[in-house]
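Please find the structures below.
Two complexes follow with chain A in common, the first pairing it with chain B and the second with chain C.
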Partner chain A sequence: MTFTAPVLSYSLLSPMLFLLAGALIGVLVEAFVSKAARPAVQLTVTLGALLLALMQLWQIRGEQSLTAAMGSVVFDGPAALLQASILIIAMISVFLIADGEHFAALPAALPGSEEERQAIQSGNQITEVYPLTLFAVAGMLLFPVANDLITLFVALEMLSLPLYLMAGLSRRRRLASQEAALKYFLLGAFSSAFFLFGAAYLYGFSGSISFSGIRQGIVGGGGNDVLLLIGIAFLSIGLLFKVGAVPFHAWSPDVYQGAPTPVTAFMAAATKIAAFGAMLRIYYTVFANAQWSWTPVLSGIAIVTMLLGSLVAITQRDVKRMLAYSSIAHAGFLLSGVIALNKAGLDATIFYLFAYGIATVGAFAVVTLVRDSSGEVTDLNRWRGLGKRSPFAATSFALFLLAFAGIPLTSGFIGKFSIFSAAYESGAKGVVLAGVLSSAIAAFFYIRVIVLMFFTDATEDGTSVEIPSILTRATVVIAAVITVALGVYPAPLLNFITDLAIFIR
Partner chain B sequence: MDASNYLYISALLFTIGAVGVVVRRNAIVVFMCIELMLNAANLSFVTFSRINGDLNGQVMAFFTMVVAACEVVVGLAIIVTIYRSRRSASVDDASLLKR
Partner chain C sequence: MKWLTLLMLLPLAGAAIISMLPKSMEKAAKQAALGTSLVVMAATIAMVVRFQRDNVDFQFVEKYSWIPSFGINYALGVDAIALVLILLSTILVPVVVLAGWNEAHGGRWSVKTFYILILVLETMMIGVFAATDVFLFYVIFEAMLIPVYFLIGGYGTGERAAAAVKFLIYSLVGGLLMLASVIALYVMSGAQGGHTFDINKLSELQMSSTTQNLLFLGFFIAFAIKAPVWPFHTWLPDAAKSATPGTSVLLLGVLDKVGTYGMIRFCLTLFPEASETFTPIILVLAVISIIYGAFLAIGAKDIKRLIAYTSISHFGFITMGIFAMTSQAQSGAILYMFNHGFSTAALFLVAGWMISRRGSSTISDFGGLQRVTPIMAWTFFLAGLSSLALPGLSSFVSEFLVLVGTFTRYPVHAIIATFGIVLAALYILIPVQIALHGPTTPGNEELKDLNLREKLAIAPVIAIIVVLGFYPAPLLKVINPAASHVITQMGFTDPAPTNGGK
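And now, the complex of A and B:
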């Protein structure tokens, strides 16, 4: 018996390998570097790994051999674009993670215990978040490029497990943070069980775990359609959970609110890109020929998601919860790009994901700035008159809200316009109608927050806006510049996406 | 014996697990029900592997076991932390995060 060594094509895998190497170095740093030096060293290692990965991605974007690791990983135009978006967003989120005291000094200590007090006094900082972030980013890079069910499942868990832990590390309101971690974990594991069960039935239907094999099974017909339908349904539940679509959205407001704000920013933006990236690949290539079975259901889910997200967001009094419901609504808008199932829909979804992710990180970065003596202030009523206290924070937050609302001259307008026109082209008129309607509803509550910040008088209750440090300022400014630039002059990026975004099957 | 019987068992186990997650209140029991669901999926994989005469399904089952083990580590860490600070592992007691 001969043993054939697998061909891995390391150059195509190298962005992920750099991140994993960085994460492992980070684990070693925890063990061997002195406490005082750790935060700086960890930040350098993390940013270095992200930057190297991004540069490597640029190098290999036109590479010829398109599948790596014996066909388990595929590297095509959409993959490169999605991976680059994830890396850029991870980078500006790491600025937030590095800044200020967002994380518990000693997460293992009981909240309010003597042990915790001592850890805070000694200036302890938990630097394990950096390697956890890198592991999660590596999983997110793998998720949209996975080309068989094993890789897809492993990548899903790889991106989720570190995030479950990171959600529970908040410095203030630790009980709420732990609760967020518990809910995220239990519901996430529940949904991945559905995902796995669906994968089993797709395997049973086609006799193959590779995407191309499953696609051939669907194209060829003759298989057992019951197995196929169960497989598509259960796999979709797992994916829809990750993007937070109704009715699988219940976790997201709680987790967004309870998790430390920098983690919320990272999770909200980067997980969405990774999960929608995987969805695009699966629905556009694998399930494309079984369109009759999933388009009606997915259209219904998209409509309900958009409307419910926008309507419930109106009633929210907490800014992080409001952003969570707005992200649910955006998941619905993005789903209409998946339903479109044409080239325009693919381009629009990728553009929208990037624009939305950047604006989300920017918005949460502003949330970290508004504080009182006991930590962040997320109650919207206490954001009254923010424009007078800090024009910088209020103006940039207003800009991100306008981008969410899709007002012209922001990236959100271009994103919404292209995604809805793609859906309209493909004949999903109901979805477009619901989308436009819920955009109008959403604009109402975004603009209400802007009015609250600029045109009402401040109440004196100890709320203050922290002077942003250089890192947070960098995040907000970068996000704002990209948001405006993509709104005013989107053509170069749109053309770039259109040229590059072609799935290979 | 007809291999499809194992599929029925697997579907039954999966349903028991899913109902357990929804009905039970103790976080540890909920978590055990999720593990049951993962193992039900594993049983399906192995059965389909047998039916299709293809080994990939069995490989997938191994990967699932490894992933499930990692999930236990993370999950129990979270549940133990929350138990230590609340003296309760009930998922109903953890309800700070509501409007």
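And now, the complex of A and C:
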């Protein structure tokens, strides 16, 4: 028996390896460092790992390879762009996570138990959220670069499992948080099952688990189309679940609301990039030649997602739920970039993902600021008159909402314009029309919040705006600056994306 | 020298200066705003002097690449139409600042924020008329909603938040329809020799008549909401009633002109065939606006709503003039846009002073102002006469041109529209009679007449109304070549006068 040493191309895998190393160090820190020093050490390790990964990514941005990790991982321009977006967003999300106020002191203890009370009293704050974040980010980096179905599935689980846990870590309203985590886990498990089922059918169709093998099966024809269709359908369900597209969106409002807000921010922004990144690769390279079979369905899903997300958002009274439905609507907009199936669509989707992710983290960062004595205040009615109480919080939140609404001179407008024009170019005029229509609907509820903050008088109910740390403020400021900069002068980033974003297969 | 960019940067510089002032220095903020807007006005007049009036191409052209991957340029340039409207905007801003010296005090936010918003709005008003890149136009068209929204919602009176939201939602819906058309133009230009938003290049695009009709509608509805033309007008009375008088002047005087300006610049230029197809329907809408707006005005009990309704009627005239497709009507419409700005400004500013003195905007609360406050009453009267287009005042010339120009091609529409003039006499003279004449209503005896600042603010407006009423030639000489250029570009020739009226 001969043993073939695997070829791994460490340099291309190194961003992920740095993160995993950082995560493992984080676990050790958790065990051995004194509780006083722990938060600072964890924060340093996490940010350091993210920064190292980003720097390494910059070094290898121009590389193209199909053979990393024995052909399980592909590295190309879109991969570099998506991974960089995820890392940047993870970094500013970690700034939010660093405000330990949000997390349960001892998540393993029963809510309201004696054990929990003691943990709080002794100030013994568990900081396992940092390594969990790093594990999730590593999974997210792997997701859009996976080059076969097994790696794709491993990446999916690697990013999901830490997220399930993180959703349940909330310090306040622990039961709601745990319920959210359980819901997310159960539905996520279902979708993973669908995903695996689809993968099995695709293997049945092509006799291969590698993307190139499946693509050759599709291009060559002659396979059993029923197997292919079922395979595409079930694999898509798994992916659509992760991005929160209708009708697989039911989990997201509950999870967004229940999870600790920094985790919601991270999850909403980064998971979307990872999942859409994987979708782009799969639809643009593997399924591109079976376009006839999936574009009509995906167009339908995109239209329903945009309209339903915008319509239901109108009725929400809770700011986190509203943002959840708005993120569903945005998943629909992003799908129109996937449907476009052209170079413009690819560039536009990557730009949109980054711009939207940044604005999302910024918006949730503002949500963490509005508090009363029992923690965050997410009831929209109590956001009345925020503009008077804290012009900083209200103005920046308004800016992010305007970006979501796609008002010119914000990044959201450039994103919307580019993604819709790409979809129109590909002939998906119905999707564009639905997109424009739901943008109009969506504008309504974004503006309602702005009215609430600026044009109504505050009720005296003890709600106040607290800026817990310089890091949280930095998150808001960075997100706001990027949102405006990409709206006013997006040319450098757009050019960078256009030059780099070419899939290899 | 980059005139247009300079014009746009000046107000921004002023806004930056004001933003650095401490909140307590309210007077300094006002003075800075007034000074900045006067400088901008002077710069505009200097530009007008340099304008070559026989040249129908864009002048003062500037072009820089903005988003090259989409073929988007920061491209500016003005022809006579845009120039006249920029002139209107830059004259109105200092007038508004001076006239509404104290109107920022009842607001939700500080006085300085008010003036920052006004100056930012001025930059955008200049930019929206100067943009020759469709994308740039769209960006400013949408972005300028935001300062207006905060001006209405933050400094208005009564149901200001609701009015601001209504205004924003109507405009956004229109804007998004236009975005769909803009995207379609972009994609088609890509298929026909490279992505571009240059308005001259886009006007050469080949497209099927169905596409042209749909895209035309996207643009037209957006502009019809903005103008506003019946049945898209319902936001205007609410917005005008709730905004401060100064904001209302800018809203009706300048922002609504973006709608009618857009009809000429984009609807007619980009979609000449579709414009022709839809002309019959649009003319009917215009006539309805004229008559319906007038009737609403006659029935109005609130003085600010009344002025808003008269504007709907006037915008009907402007729209009719634009789509009558004769050079006379076109010149009339462009001149009307300019004149309407000043007659509405006069009406609104005086009405604003009346309201702030009396503390009520109901017409029947006034009475006998002629005796108590003669100067204010006379100014209002004169503004009203200009609004009803009395010969000798500026609006008469433009209304007459529109009617004559329309009559040569669409006599029926012109004749029905003429009733609008009769109704105008009613809707102006009735409130004049109630508010200015008759016995002095109890509570009005102590009202103060206009002070020096107010006189200074209104004087130039009245002067323009009177001078252009007697001698419109200088302005018409600038406008006429541009108007005939629009008509000939579309392939129309004016009907021979001997055949006029068949």
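Odds and ends about this structure:
The criterion applied here is as follows: the second predicted complex is superposed on the first by the 498 of 505 C-alpha atoms of A that agree within 3 Å, B and C clash if a C-alpha of one lies under 4 Å from a C-alpha of the other, contacts with A are read in each partner's own complex, and residues count from 1 in each chain.
Everything below uses one rule, namely that contacts are C-beta pairs under 8 Å (C-beta built on N, C-alpha and C of every residue); 3 or more make two chains touch, one makes a residue touch a chain.
Only a predicted model underlies this, so the values are computations on that prediction, with no experimental measurement involved.
Of the two partner chains placed by superposition, A:L28 touches none, neither chain B nor chain C. Of the two partner chains, chain C is the only one touched by A:V436; chain B is not.
Once chain A of one complex is fitted onto chain A of the other, the partner contacts of A:S208 are limited to chain B, with no touch recorded for chain C.
In the superposed model, B is the one of chain B and chain C that contacts more residues of chain A.
In the superposition on chain A, A:L402 makes contact with chain C only, not with chain B.
Within the complex formed with chain C, the chain A residues making contact are 347, 387-388, 402, 405, 407-409, 413-414, 417-418, 420-421, 424-425, 432-433, 436-437, 439-440, 443-444, 447-448, 451, 454-456, 489-491, 494-495, 498. Against chain B, the residues of chain A that register as touching in their complex are 107-108, 110-111, 149-150, 153-154, 157, 161, 164-165, 168, 173-176, 178-183, 185-186, 189-190, 192-194, 196-197, 199-201, 203-204, 207-209, 253-254, 257-258, 316-318, 321. Touching chain A in their complex are the following residues of chain C: 65-70, 108-109, 138-140, 142-143, 145-146, 150, 153-154, 160-161, 164-165, 168-169, 172-173, 176-177, 179-180, 183-184, 186-187, 190. By the touch criterion stated above, chain B contacts chain A in their complex at residues 7, 10, 14, 17-18, 21, 27, 30-31, 34, 37-38, 40-42, 44-45, 47-49, 51-54, 56-57, 59-60, 63-64, 67, 70-71, 74-75, 77-79, 81-82, 84-86, 91, 94-99.
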